[in-house]
Amino acid sequence: MAATVTNTEGVATAIGGGPRSRGGNGFQKNGGGRDGQDGEPLRFTPERYRIGVWMAIASIVMLFTALTSAYIVRSASGNDWQPIAMPKVLWLSTLLIVISSVTMEVSRRSLKQQQDARYGRWLIITVALGLAFLGSQIIAWRQLVRQGAYLASNPFNSFFYLFTAAHGLHLLGGIMALSYLLLRTRQRRSTIDGELRRVGAADSATIYWHFMDVLWVALFFLLFFWK
Amino acid sequence: MAEATHDEGHRHPAPKGFIRKYIFSLDHKVIGIQYILLALTAVVVGMIMSVLMRVNLSWPGSKWSILGTLFPTGAPGGVMSDSFYLSLVTMHGTLMVFFVLTTAPQGGFGNYFLPIQIGAEDMAFPVLNMLSFWVTFVGFIVLLTAILAEGNLTVGAWVSKLGASFAGGTGTVGPIGGWTGYVPLSALGPIAGPGQGAGVNLWIISIAIFCVGSLLGALNFITTLLNMRTRGMSLMRMPLTCWAWFTTAILALLSFPVLLAGGILLLLDRIAGTSFFIPGGLFVSGNLVPQHTGGSPLLWQHLFWFFGHPEVYIAILPGMGATSHVLSTFARTPIFGYRAMVFAIFAIGMLGFFVWGHHMFISGMSPYSAVAFSILTLSIGVPSAIKTFNWLGTLWGAKIRFTTPMLFAIGFVSLFVAGGITGLVLGQTSLDFFFHDTYFVTAHFHLVMGVASIFGMFAATYFWFPKMFGRMMNETLGKLHFWITFLGVYAIFIPFHAMGMLGMPRRYANFGEYAFLKNAHSLVLFVTVAAIITVAIQIVFYFNFFWSMFKGKKATDNPWEATTLEWTTATPPPHDNFAGVIPTVHRGPYEFAVPGAPRDFVMQTEPEAAEVAAELGDRSGNGGNGHKH
Amino acid sequence: MGRALGIAIWVITILSVLMFVTKHWWFPESISEHGPAVDHQFMITIIVVGVSFAAAQIGLGWVVWKYRDSASAQRATYSHGNNRLEVIWTIVTAVIFISLAVMGQRVWASLHLNAAPPGSYQIEVVAQQFAWTFRYPGKDGVFGRTDPSLINDEGQNFVGLDETAPNAKDDIQVSTLVIPANQPVELILRSKDVTHSFFVPQLRFKQDLVPGMKIPVHFTATKVGKYELACAELCGMNHYKMKSFMLVLPKEEFIELTNLPPAQFLIRKDELMAKYQLPQY
């Protein structure tokens, strides 16, 4: 029973979320309905990926909250807290990641409008910006090392390296996810299920990417201004 | 991956080949069994360690030649050294809390049965599921490496090449800082004494890996439960096991990252010279420690216990869910107060995030916050009491079938009351002056975590074994296992309270130094004898488990006459759980003794037309959605 | 099986309760001013605990006995619960537990939310792996300056006293805690290396000693005698024998002792240690 994509309107509403009483609201009380076009009860919905990525975000938020409260406690616990001047290249980092959020959003909307080529192109730009961001982080690190500001030099330094490394690692994960999208899901899929997954994956990756951006801005404020 | 077409939810066809079927399987059922087997392995090691501890405490200085052979430096001449004892304490705790109580209840039974009980074909993210198990397994191997690095001089010497803080080969079975790893003892490295070298680094890395595995699993559970329930399976029609797994997953999702953060900071203090936790001005083992300054030892405790307290609820909630489920099934009556039970599970879970300071009353933290933590702590007793009343209420007016799983479920209630009730003592700041770090604490947490939780797992095992393996476990052996274990655990842990009353401190390798512990000796011996018997009888369980897998009586699809979705499908379930026929749920999970129904149980999938119970019978307002919805 | 299980649960309950009721293994006698209040709060709590424990277990044993399956075709009672009961037992439990919680703060507050009373005798406690050092200010009543770099364990300078500093010459470092009876004592707790914990069971008092912190605590001992002091926080392999003593002296003996110069202090202290005995256990 091959279900080919003949009813694009159905697919589009499923992707866009549709009215809440229809497909895919997992928070629905009376059984997670997912009565799709065929009446099949268990069709995949993009909600699945969305919930997954929000849960991942929740746990990453807890990680950084723990590190932030350690940062705050530690700043008060000894008298060796010596904030240093942040390398100016970090302003570039911020600019790069904010722009990358914009490009990611352009990419996602292209996909929603079923412009696969445009989706792919802006995805590549986003990945490039992400890599550039990581590059700027490494530049910042090298600057600090040249100044003699090492991981263990003083607690502010320790947190600086730790926060940027932790964020960078998670961003790298995001870059890997975007690369997966580039390699595996640039093309339209031949089934409703496959297409829902493709779009759901892009949606969720976008949410994650925006989160990385917001997280960076929060860390930036913490390290630059709350000392 | 193949683009499956007709059953859209089932994305991967049944695997072929031994590796894909049993090793790197994406099937939640196989992964669940893998977790259970991991736990069954870890618990044996943990139990052996506990017997060794008991033996050392009861007959200090006695020679055990096998120890002398295996650990010539840690147990020279077969006599356990004090650091060897402490390494047993540490590894026993770590293995049991992480690799037994955080694997089998959730990753084991939860993985196997959550999807089936909600009518799904698999977890939301099967690849992530597989990864979560194998990451956990890697964490286990790294922990075993910690044992080797400390216990074996050759391996220890080899690991020492990694750096100064990796000094190993002290002859013990691992680090000696306790499973709680308080700083600065665990942060200073080998200068703080033997057992503070490689073992600690590997222990931290193992736990960090475990955190990641747990987080992957938690994400999967929550998504699956929210997104993949079958038609008619509303949240309030889910079995209480599902509610328990759901809450546990939320707790894990939010607490493990904090432990991970703490572990990273601790590792950095040890190997990178940072001072998150290590203050300045230290003088350790005859030397100043100038390279550290300004750190806060209490910060570690806050991070650790912010995780550590939800962790103990992670350990017990699935057991509570299983107990409710099994009690209702074999009492042949609905669970008493389904809504209240859901509320209580959630309340315990959420309150559990606000009480971590009760581990730290006398730690030097603000005495004002101690007061706040104390009052919040005693409030957690309220939802726990609600659950107990509801279990008793379930059994009231019941028609109890005393199968082995039922015995263990009843045992859970008894043990949970025994262990939980002393929380009223320990949660009060004024009483903590005496009881902190005494055996009274050890009594409390062993009864709830180490026994009640395990009884929940035993109940789950005996209950679901037929569905998982298609054969029944032997009832006679099961009952023997229950009786000796039940009496045995009481014989072990009730006396621990008495030891605590004397003021006996925890983590003492030997009680001979203090006159005030003179009267403990008879207790110590009694407990050791009980422990040896209780541990020994577990052999019966292992035998029953593995033998029945191949030789047990063949099981029907619903041998217990239970009502939930796993009993509607074949035994064992097919690869996609329901052979392509997705169930539709019409009623709640505990419809037993429904007046007017042809049998004393009505399955969740039974459409309403078949019975007339809705208007009769139910006097409560506390509907568990047994009726039309 | 139901009967056997019911009986087993009741027997376990009776034995457990007896273990407490006979007080065969019990706290050692309290010797502090706040001790009786702690013991009293414990009694109230353990009675609530005991009654709840016994009631729940007896209830469990009873339902397990009474409602065991019989051959009759009659079914169990079909009930999804009882909301009124839920509300009642929730409220009752909450009232009891919260009351206990509030009552359980009183002694804690008296010791920790108030500063040491004026006239408290100050003693510094320094813990290390695996020994205790107690420092007395000597006749001048003032503690001399210390510095970790001056620590010399072999030379008996455990606290790192700066001998050249004013007020330091008469400071006394001793391995036994000596305190006066019926006078408030303020201990300033600190640690040289890892976290330790000060515990004297008879005192009904325990406090961690945390490196990097100076934690003041106070209490008043009311009974003269010699008592054991144990470390109550895992500090390394000799944690179980990090032992010392607390000597509670009559006021005059205490004043006489603490006015002695260091060398004579130690000699006199040994005499007093021999004079007083540990309690009978």
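As written, the chain order gives the labels A, B and C, with residue 1 at the start of each chain.
Quick note on the criterion: a residue touches a chain if its C-beta (ideal position, glycine included) is under 8 Å from a C-beta of that chain, and two chains touch if they have at least 3 such contacts.
No experiment lies behind these values; they were computed from the predicted model shown.
With chains as nodes and touching pairs as edges, the resulting graph is an open line. The chain pair sharing the most C-beta contacts is B-C. Rounded to whole angstrom, the centroid-to-centroid distance between chain A and chain C, based on C-alpha atoms, equals 51 Å.
The distance from the centre of chain A to the centre of chain B, each centre being the mean of the chain's C-alpha atoms, comes to 32 Å. Among all residues of chain B, those that touch two or more other chains are 279-280, 294-296. The set of chain C residues touching two or more other chains comprises 212.
Multi-chain contact residues, meaning those touching two or more other chains, occur in chain A at positions 77-78. On chain B, the positions that touch chain A within their shared complex are 3-9, 11, 120-121, 124-125, 215, 218-220, 222-223, 226-236, 253-258, 260-262, 264-265, 268, 272-276, 279-280, 291, 293-296, 299, 302-303, 306, 582, 584-585, 629. Within the complex formed with chain B, the chain A residues making contact are 1-3, 26-27, 29-33, 35-36, 40-45, 47-48, 51-52, 55-56, 58-60, 62-63, 65-67, 69-70, 73-74, 77-81, 151-152, 155, 158, 162, 166, 189-194. Contacts from chain C toward chain B in the complex involve residues 1-2, 5, 8-9, 12, 15-16, 19-20, 24-28, 37-38, 41-42, 45-46, 48-49, 52-53, 56-57, 59-60, 63-64, 67-70, 74-83, 85-86, 89-90, 93-94, 97-98, 100-109, 112-113, 128-129, 148-149, 151, 153, 160, 192-195, 197, 199, 201, 204-208, 210-213, 215, 228, 230-241, 243, 278-279, 281.
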